[in-house]
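Okay, got some structures for you below.
Two complexes, one shared chain (chain A), two partners (chain B, chain C).
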Partner chain A sequence: MRGDSLHRVILHADLNNFYASVECLHRPALRNLPVAVCGDPNLRHGIVLAKNYPAKKFGIKTGEVIWHARQRCPDLVVVPPDYSLYLRFSRLARKIYLDYTDQIEPFGIDEAWLDVTNSSSLYGNGEKIADEIRARIKYELGITASVGVSYNKIFAKLGSDMKKPDATTIISPNNFRDLVWPLPVSDLLYVGRATEQKFRRYGIKTIGDLAGASQYFLHFILGKWGDILWSFAHGQDTTPVAPFGEEGIIKSIGNSTTTPRDLENNNDVKLVIYLLSESVAARMREHGFKCRTVQIHVRNCDLAVFERQGKVATPTHISSEIALRAMELFHANYRWEKPVRSIGVRGTDFVTEGTPVQVSLFINEAERKQKEDLEHTVDGLRQRFGHFIIQRGIMLKDRKLTDLNPKEEHVIHPETRRC
Partner chain B sequence: MEVNCNKEDLLYGVQIVNRAVSNKNTLPVLGGILLEAKNNSLIFRATDLEFAIECFVNVDVVEEGTVVLPGRYFTEMVKRLPTGLISIKSNNNFGAEIKYEQSELNINGFDPEEFPSFPETGAGFPGSIDQDLFKDMIRQVSVAASSDETRPVFTGILMELLGTDVILVATDTHRLTLHRGIWKGDLIEEKSTMIIPAKTMVEIARIISDEPEPLFIMPGKNQIHFKAGNISVISRLIDGQYPNYRYVIPEKDNFKTKIRVRTKKLLETTERAALLARDDTKEKANLIRLKAEQEQLIINSNSPEIGKIYEEINIHLEGEPIEIVFNSKYLLDALKVVDAEDIYIELISALSPGIIRNVESEEYIYLILPVRTV
Partner chain C sequence: MACKIYVEVTARFDQEGSVIPENIIWEDGRRFEIDRVLDVRPAASLKAGGCGIRYTCRIRGRDTFLFLEENRWFVEAKKAQRR
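Take a look at the complex of A and B:
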């Protein structure tokens, strides 16, 4: 039922300090020490991904580099991330949500919206369900969650951020002016750095300022996003919570990595592009897609970024075809004025695997079919014996660069929906 | 300029050149037909800068000179003139006065100075090709030319001359047609290769004769000149490298399946099957599935919203049974132009190119690429 927008009951559950909480649960000795989950500094992934409350007291922030965090907190305990563990907890949490509704829309690994409008006759009102969910997460999983309860998704999300940890916040049509409007405008979903700066220029600092601005004016400065944000500030967000299992239609599949050392030449880049393309191709096969467009994303050592894309001759999920196109794009666009720090490869513009393809005179389709069969075989081998059971010869050229499995280690689960 | 001619001659000339009249507005004079009276003949000429057609008829020239008259109006008017003697006389405003029976009409024209001159080309190849043969070759080959302007070479027909061979090739990368014709006269010693826009070639096929009269070919640097009796066609050549077509035509030994079938039978079946293979989504080709086993060819197509069809035809099968999917349009094109009572369909595998040709000759082949469905 997506009836009256003012009478929906929407929950937004946020697992507090998710990575760090799971780690502390598994290493009780760490519980009262300042802990940060960080990427591997040797691979130059050394930033803080999550931290626990003791660490937070030292002012440690997510996204901070490790040495910087250590300056403020020399005793900081740094642990590496274990994504498969987090994924398991995320699934367990979702299982709890499923007891209350089938309208669950995950937002990243640790957050989810729940529409419980139609469950209240069984389980009580939103607040009661929120409290019950929190209690169960605490009891059954051993971690805490904060839950926002409101009549739309935007306010529910703001609510879950208000009181942490392990708390329920209710934002109703009656109290949202007091609770939401004083918040900084950047707290609002979709207000990023650029939009915030624009707002600041016009004196819009809080969500209340935004709500007070004229919709016409916002439309003038932001286009249709102005209308959308204005209605968000007034709680007029009517977007439904997607039913469980209805994942957003996948529009692209990509992998990127910051390499353990700067890439100095085309050969280095080739290694990494092949590595990433293998993962991208394997994931496309997993989902039954072929791409018609390949995109690359390149960041040099000054952190300057560019992206380029190009069509492939025929829809493909063959690693080498994706890699070759990515290399072409790279060669055509990179002048090597600076070494490369990070590269991404992405397949997009999908067709489903079984889509009939008119064979072309200058493309040997029989040979392509053999390549596809080969890659499926490699997928099977890797699934049974692990990623490193079989490798391209080229990967041996520089073990340090190629010693990673982007498919498992560099995929954010579940893939966040694009709006 | 002043000439006296009869209606039939005038109509003949106008209709021959009229296809080269430009319908773009960029250069208005190109929308005209040039009439030039000279040495007892009336020359007609039109061009859209892609190609030019010129032809002449013998008339009574009173005064030599030139006019350019708007192609469309003039053609439509000439068609409607009464049979009999017609006099055309230029006036001072680039127009002409046309008199017939007791009537006269005036039509405005363009300044003849602005009309492009007919480019000169070098000496021709020593010899000629029969017009009726060349006409058939173009008809059979041009079906495979592409209309996709992003790859210009494929919008053309490749012409190769060597020894006594005249070879025409066209492809849109999904099929390839090749016809080998005979050059009459001296051997052409040095191989000559050019890519001619398929559109021009189709016009040439339209205006040349159905008789084995000689067609002369004069290549230029960027142009080519065809001369057939009183008609001349000059075309721009397409610049670029044509891919090596020999490389993609499979060797004879590679074929694993050879199907002999009545052309008419298969054409009728395919036309029915094609009706039920329509697919509105642009991506998907109109698929029909062919399955050859024992002495049967089974044809299937299926359009979820309209219906499906199943047909069997008797064939003679040599080699292995096969199942293959084609775009029905490509198969239909082949069957329509092949001109044979019986054809061979020679195949390698469900993903490799096949060849369709006359049982009795190998001068013409239609290479067809399948659709991959798995």
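Take a look at the complex of A and C:
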């Protein structure tokens, strides 16, 4: 039956209110109070990252700022996030999934797809496996999960969102028209704000509307994504669930931060870009990669975001080269109409460290080698004596902005195929 | 309400790599010998708040849960016991 998409059995497991559930498990006294896990307001990370069901009743939303949430619910209990604890629970959940299949594709820290097509003869049908997984998560981890069972990844994900908490939803070829088609089109994976707006212009509001539209027309307005979304709406998604471990293939390494105060000028930005580039470069060296492309991510104080990327002359994991390229990208694309709130640097398009490169007549390779050696030495020092044992002079210009160690302190959620 | 108390434990590691707790040493130094381990399974403690490997232990004729959370042991204790 392998390869026959109609017969696949795909589960999508979603740990309900993940951060908040883990916190409430560890603090029994808070369980019945409205609780929100929030970033540190003093560092301007003060938004709701997750909330429990009592807090949801007050209409508190993820991504909302704390003071706004407090207006709705003055007794809201705010707890700081503990990422290492969440990672532990994520790992434990994955260990449970591994008892049923080796095809597990994590999607963020709290969600995963499981292909159990070939496990059905051992453990029963999709619904039975889903119920067992839910029961085990509840018993062994003390939190709850919603599971969607379907014959493709897209519908399985929609299913896990339908009934919460601690429920199994089955979307089959027979019932998907009744269950999926009335949903708003924005519920579909990959339909973001821009696509939704475009759809609205043409009167496409639900997934059913999308399915009913002509594929030719969708191709006309969205290109190949039109075809893909059309097939999603019809349940014709055939993308496989990646085997466990494959998500470890790193496609990019990045760090970003919301700075303690808005960045007002190029000098401020330079500080932060150097800080982030050092961490990105160090992490690339750790994994033995060099990047050929540098990306930046900029969010201004109105929360408008843009991303830009550019090639580097030679594959590199030298922080100053990455920082310079990032600065160039920033200068070329930012007009300083508004101060900057958060910034990110990412290296991508990797080659492995030992890959032979074409040396250039116009680049001083001896100097580059010296820089590489220097950075390896810095890595060694930091590993032995801590991050702050050695720093660039520029970091001393504004301690408030640079007083963080992005490499260790900024846990990047294990997003699929990113590191 | 129960609370989470981390305790000192002496344990035996067998050739298979299994860990079998033998004694619990209470905060005040009292030592409780575990007569038998009745059950071992991963489980959450909703009472104390945590999760790990749960050992159901018989101590002086009474069954108690002892949890191994990463590399620390805890028990679900009544508040009064703490004093």
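Just so we're on the same page, the second predicted complex is superposed on the first by the 336 of 419 C-alpha atoms of A that agree within 3 Å, B and C clash if a C-alpha of one lies under 4 Å from a C-alpha of the other, contacts with A are read in each partner's own complex, and residues count from 1 in each chain.
As a convention for this text, contacts are C-beta pairs under 8 Å (C-beta built on N, C-alpha and C of every residue); 3 or more make two chains touch, one makes a residue touch a chain.
Not measured: the values here are computed from a predicted model.
K.L.:
A:K369 in the overlay: touching chain B, chain C, both, or neither? Say first, second, both or neither.
P.N.:
first
K.L.:
Scan A:S121 for contacts with chain B and chain C and give back first, second, both or neither.
P.N.:
neither
K.L.:
Looking at the overlay, does A:N174 come into contact with chain B only (first), chain C only (second), both, or neither?
P.N.:
Once the two structures are laid over each other on A, A:N174 reaches no partner at all.
K.L.:
For A:V357, decide between first (touching chain B), second (touching chain C), both and neither.
P.N.:
first
K.L.:
Output check: A:N42 vs chain B and chain C. Expected answer is one of first, second, both, neither. What do you get?
P.N.:
neither
K.L.:
Touching residues of chain B toward chain A in the complex: what are they?
P.N.:
Against chain A, the touching part of chain B is residues 171, 173-176, 243, 248, 283-285, 287, 325, 327, 349, 351-353, 367, 369-374.
K.L.:
Would you mind writing out the residues of chain A in touch with chain B in their complex?
P.N.:
Per the stated touch rule, the residues are 351, 354-362, 365-366, 369.
K.L.:
Which bits of chain C are touching chain A when the two form their complex?
P.N.:
Those in contact with chain A are residues 1-2, 41-51, 70.
K.L.:
Could you please specify the touching residues of chain A with respect to chain C in the complex?
P.N.:
Residues 25-29, 88-89, 92, 138-143 of chain A touch chain C in their complex.
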